[in-house]
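Below are structures written as structure tokens.
Shared between the two complexes below is subunit A, which has subunit B as its partner in the first and subunit C in the second.
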Partner chain A sequence: MRLSCLQENLSRGLALVSRAVATRTTLPITHHVLMETDQSRLKLSATNLELAITTWVGAKVEQEGALTIPARLLTDFINSLPSEQVNMELTPRPLGIRFQCARFEAHINGTDAQEFPPIPTVEEGVTARIDPQVLRTAISRVVFAAATEETRPVLTGIKLEISGQQFTLAGADGFRLAVYKGPLLDLAPEDAEAIVPARTLSELQRLLVDQDEPVELVITPSKSQILVHLKGVEIVSQLIQGTFPNYAQLIPQSSGTRAVVDLQEFSRAARAASIFARDGGGIVRLQIIPGGDGTSGKMVITSSAEETGDNLGEIDAKIDGDEAKIAFSSRYLTDVLSIMERGEVALETTTPSSPGVVKPVGNEDYVHVIMPMFVQW
Partner chain B sequence: MPSHNWRYILHADLDAFYASVEQLDNPQYRGRPLVVGGHPEQRGVVAAASYEARKYGVRSAMPMRTALRLCPELVRVSPRFDRYHELSRLIMDIFLELTPLVEPLSFDEAYLDISTEAPWEKVAKIAIDLKARVKDKTGLVVSIGGGSSKTVAKVSSQLSKPDGLLLVKPGDEQAFLAPLEVGILSGVGPKTAEVLQGHQIRTVGDLSACNPVWLQQTFGKRGPELKERAMGIDHGNVTPHRETKSISAEETMPQDVGEEADLVRRVEQLAIGVASRLQKSGLAGKTVTIKLRLADFTTLTRQKTLPAPTSDANVIAPVASDLLRRELLPQRRFRLVGVGVSGFQGPKQLPLFPQL
Partner chain C sequence: MPIRVLSSQLAARIAAGEVVERPASVVKELVENSLDAGATAVSVEIRGGGLELIRVVDNGSGIPTGEAELAFHRFATSKLPLDGNLDSITTLGFRGEALPSIASVSNVLLVTRPADQPGGVVVEVAVGDLIRTAPHGSPPGTSIAVRDLFQNVPARLKFLRSPPAEATRVQTVLHQFALAFPGVRFHLDVDGRASFTSSGNGDLRDACSAVYGTKTAKALLEVISESDGINLIGVHGLIGPPDVSRASRSYINLLVNRRWIQSRALTYALEEAYQGFLMEHRHPLAVINITVQPSEVDVNVHPAKLEVRFLHERDVFATLQRAVRGALVALAPVPNVRSNFASSRPSSTTTARPLEGHQSQQALSLFAPVEGTDTTYTPRGIVPSLRVLGQVQSLYIVAEGPEGMYLVDQHAAHERVLYEKVRREISDRAPQSQGLLESVVVELPAILEESLEAHRDEWTMYGFDLDTFGPHSYLLRALPASLKDADPEEAFRSILEEVGRGESKIDWEEKMVCSIACHSAVRAGKTLSREEMESLLLQLEASDQPNTCPHGRPTMVHLSAAHLQREFGRR
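After this line comes the complex of A and B, so read on.
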């Protein structure tokens, strides 16, 4: 294997795939990057066995070949080079690659490419095309709600549903649920669903930042893998097996009180309350007080910590329904408010112990359900 | 039989609380003059004095140096507030077994509203039992005063000390208070007492006979209140400050009832009321309790613990009715039924998927 490419292209490619390099593993080869010539390009792949990322770097290939190189070492070294041409040549003994760039030279030991875990190929399946920025928004709205602990593996994933002209992403841990619905670019050939690891979607979200071409998702017929095609990047991820809870029934269809508030004001008050909540069990209390004749309604957000002190923030609210109160974990409240777009948001509640619903006003694409904290008022 | 206007309040006050705790925990101090308070070199003051120390004229708030001069063999110990707090909780819990209407005033005193617990004939027994239970469970001595108002209850407990019990019969308030010095009323401090004495008002009776206009001019808003208090009138309710530990409702029936259907219907109604109050407070409890008072005033409580906390009348009512049915006997008639839910949990994140 002998080839050359530009330092900055190689550096960018390594940055992309290194997100899939295993961090903790008993299989040392997954700390490596697979480098392989692919026609007139250098193909870089990394996998942690759950997620694989592949990208291509334009190169001048003089001799074909493949090898795996420790990812961290390679990335750090390439990043330290000047932005000039990097020449690479496989050395048989000791097995490795010799690098040369400007007046730098290095030799890095590698491992035979045959030992690298095979990157699954997806030949067929249900295909959906989505606008990259729509998908990025969708992921940002749901991915944080997924469980991080492994006690219920399905909840560490995001449920993806494809149906007709619409896709749905839903994430839930034991205490909150986020559901986003967005448009597909084409009519889906058939309905499909899968549970995608939240980590995969977090990486995808990162990769989508500078994408402008439609993203293609392919779910394998066996529902074991999902392939995501981006411009110059391919992601293959294992899917989580199991049954995702029927989340639709957890979204309240009616409410006793609906308060519409400005997102920025609500966020500020929630953040202020969360400072005191830190020492007070992480609880913020919301009181929704309808206006009287000529006075507008308001939402009062309070928190207290026995040792530290307490706080109260008041914001204007347009209220339908009765006076209401509800307490939330401050993190759950600030989490959802921080990912919504500016404008008005609605908080819908019924009783202090039934789910609270946060949604944007004038847009049906997003629903966020938070289970309250049970507190004494 | 208790009427709707019947009201009886106890004022329970531990005798020389801090000092007694020290004598309780340190047997070598028993029977000796002891004070709890700061070091004399650091200008400490007496926080509490045992009755043995009081004989020497030692009083709380007195500088420690003065106390030691009055009683050279005085034992001084530094306060251990954690321990006092712990015992205080224990004692308040004993009070709460008697009635949920307990208003703690400090570590060592509280008002208890026992209006719904007993008619006048039973008050003495309740108070004696309460003293015995506190002594039994903590080794400490509590003095109890009782009356139809907080004022009368508090005055009588002060007069009864130490190890006292003084219960003023409703209707006797004025006669009881009249000969006492005005200073004994709460709200009459040394300054107020001095002003009153300057006008030859020395006893509570003198104060109750005062011209209300003059009182208002002299003491402002407080004036009329002082007169009312002196007459033994005081509408202040016993208001528990504590965290709600249980929510309950009870009903004294116009006539004693023994019939199952009637009792079940009342229990169900009470359960609905309790459930609605639970929901309004955002509470759910695991324990359902019924309270039954028989025609002869014997009071029974029966409870059942549920697998999960509830605030749902459809869960509470059947459990309460079941508990009731087990207590029905052919000749048994009830004068009171009550339903309560307790066993609340602290702040708790509710789950999204209760079934998982």
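After this line comes the complex of A and C, so read on.
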């Protein structure tokens, strides 16, 4: 293998794939990055066995070949080089690659490419195309609601549904549920669904930042893998097997009280309350009080901790329905408020022990359900 | 048969049955007499398990020549004044029964001389009959030899164990005396060999050292609760730290006014004080003397005086518990990492051959951990100064602190923190209950259903929101917030199984809190970030009893700098 490419392209490529390099593993080869010539490009791949990221770097290939190199070492070394052409040549003994750039020369030992775990290839499946910024928003709205503990593996994933002209992402951790619906760019050829690891979507969200071309998702017919095509990058991820809760029936269809408030005000009050809630086990209490004659309605947000003190915040609210009370884990409340976009949000409740629903006003694309804390009022 | 008054000899033999059960009880009675006579050295010799010979020699006040014979009469005693008051007994004996009872079932030879008399006297009694009384030379004090015990009570002989087993019981009695009277030097010869000696220097720790070995004695914690003007109960003694525990209760020595007693209730009170410090089925080692006003305690419950009754029982228990618990929290050090020196230091193995008697205790001290300084660090004291270095096996937090390295069991530590949190929530009547997104239907077998129904309201109090959902099934709608990271159904089921019906309300509550804490705590095998580890130590620092998890496992162990230095051959 003999080739050359520009240091900045190689550096960018390595930064992309290194997100998939395993951090804690019993399989040392997964600490490596696979370097492979692919026609007139250099193909870089990394995998932690759940997620694989592949990208291509423009290169001048003189001789074909492949080798794996420790990812961290290679990335650190390439990043320290000047922004010039990097020449690479495979050396058989000791097996490795000799790098030369400007007046730097280095040799890094590698391992035979045959030993690298095969990156799954996805040949066919249900394909959907989504606008990259729509997908990025969708992921940001649901991914934090997924469970982080492995006690129920399906809940560490995000349910992806493709149907007609629409896709749905849903995440839940047993106490809250986030559902986002967005448009597909083309009519889906057939309905499909999968449970994608939340970690995969977090990585995808990061890669989507500077994307402007449509993103292509392909779910294999066996529902074991999903392939995501971005410009110059391919992500293949294992899917989580199992049955995701039937989330549609967990979203209340009606409510006794609906309070519409300004997101920024609500956010500020919730954050202030969460400071006091830390010691008190993270409970934030909300009281929704409809306005009387001539006075407007309000929402009162309180929290207290025996050792620290207590806090009360009031915000204006437009209220439909009766007075209501509900208590939430402060983290659940601040989590959802922090990912919503400015404007108005609605909080819908019925009783202190039935779910609270947070929605943007004037937009049906997002629903967030939080189960309350059962407290003494 | 007509009713007759029993002959005095027969009556004495029947009475002897209660007081003189076996050789060890003879030794107990005789040594008590020595102690009541103010002896500062008591030497005991036995042969054939005490059946051939029991000889007790003391340096006490002795018996005046004219009274020596009288000592063998029933209900004859010098320990109570005329028209004496049984309410304020300060001597160990007082009934005047022991010596005649013993004499009625053996041959007794008594030689005694008070220090202020020029000559002594010998009294010989054979199976209750006086053989002779004669002047006899003697050092000051009393020597009493009991031969051929139970020769006229074959039924009793049948129920005795082998001579070595009886000798062990005698030794146990001597141990109890040595612990109760550290100011008296005790010595025991068994079949001509010295088997036990206490120093008699008045230091309880030295007495413990003679009985339990130097290493154990050194680790014991001091309990002091002085009686004050209001509370006239004093508690003094030494107790084992949590890492010195035993598989049986026979290492619990409770003394009331220096009298060794058996009391289920006091033992229970002591073990309660250890609640959460010891693992299940482990029992503490303790030597505790409870001082009460003689009028506040009735020792005359049983002829052998092993049982006592207190006038203000609750106060005694409470004082004992407070004192012991206080000592444990304040003094129990972080347990040291133990290592097998015999295997790690081959050169020492030659000296590790078994030795007999107290010599082996000296040999053991060669292997005791080298102390860097005499300062011990309690978990409460060191947690704030710990600096997290990392995690081992996703299970132990490694930290540096004063005098070396500390390993913290993440699960045990978190369990302790949550245990106290749940306890607080319950006592504030503010359980934190988190609703479930999807209610879970749980089907229960009859036995679990019964356990649940027995405490249905309490389950709600602890944060489980349950609805009946048809026969044998329940709808679980909310969980204690601490259990958020657990699988709801699995956690509920496991807790229900662990808690069961509970033997009492207190037992049930304790199990419930323990169980919630256990299932909520960070699991062994979870990789923690540095922030998580530091936060856990901060929480542990704030807990009331950071020493152990609620089940009594230690939260942390200490690998001392001295230990490390030795392992690396630096000294």
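The rule is simple: the second predicted complex is superposed on the first by the 377 of 377 C-alpha atoms of A that agree within 3 Å, B and C clash if a C-alpha of one lies under 4 Å from a C-alpha of the other, contacts with A are read in each partner's own complex, and residues count from 1 in each chain.
Going forward, contacts are C-beta pairs under 8 Å (C-beta built on N, C-alpha and C of every residue); 3 or more make two chains touch, one makes a residue touch a chain.
Because the structure is a prediction, the values reported are computed rather than measured.
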Q) subunit A superposed: clash or fit between subunit B and subunit C? A) clash
Q: May I ask you to decide whether A:149 touches subunit B, subunit C, both, or neither, giving the answer as first, second, both or neither?
A: second
Q: Answer with first, second, both or neither: which of subunit B and subunit C does A:325 touch in the superposed model?
A: first
Q: Could you look at A:188 and tell me whether it touches subunit B, subunit C, both or neither (first, second, both, neither)?
A: neither
Q: Look at A:46 in the shared chain and tell me whether it touches subunit B only, subunit C only, both, or neither; answer first, second, both or neither.
A: neither
Q: Give one of first, second, both or neither to describe whether A:351 is in contact with subunit B, with subunit C, with both, or with none.
A: first
Q) Where does A:217 make contact in the superposed view: on subunit B (first), on subunit C (second), on both, or on neither? A) neither
Q. Can A:24 be said to touch subunit B (first), subunit C (second), both, or neither?
A. second
Q. Of the two partner chains, subunit B (first) and subunit C (second), which one does A:172 touch, if any: first, second, both, or neither?
A. both
Q. Regarding the shared-chain residue A:277, is it in contact with subunit B (first), subunit C (second), both, or neither?
A. neither
Q | Clash with subunit B (superposed arrangement) - responsible stretch of subunit C out of 151-159, 295-303 or 457-465 | A | 457-465
Q: Check subunit A for residues that touch subunit B in one structure and subunit C in the other, and list them.
A: 152, 172-177, 245, 250, 281, 283, 329, 353, 355, 369, 371-376
Q) Where on subunit A does subunit C make contact in their complex? A) 24, 149, 151-152, 172-177, 245, 250, 281-283, 306, 329, 353, 355, 369, 371-376
Q) Inside the complex, what are the residues of subunit A that reach subunit B? A) 152, 172-177, 245, 250, 281, 283, 325, 327, 329, 351-353, 355, 369, 371-377
Q.
Which residues of subunit C touch subunit A once you look at their complex with the stated criterion?
A. 421, 425, 428-430, 432-438, 463, 465, 477-478, 481, 484-488, 490, 527
(Q) Help me check something: in the complex, which residues belonging to subunit B touch subunit A? (A) 243-244, 279, 281-284, 311, 344-345, 347-353, 356
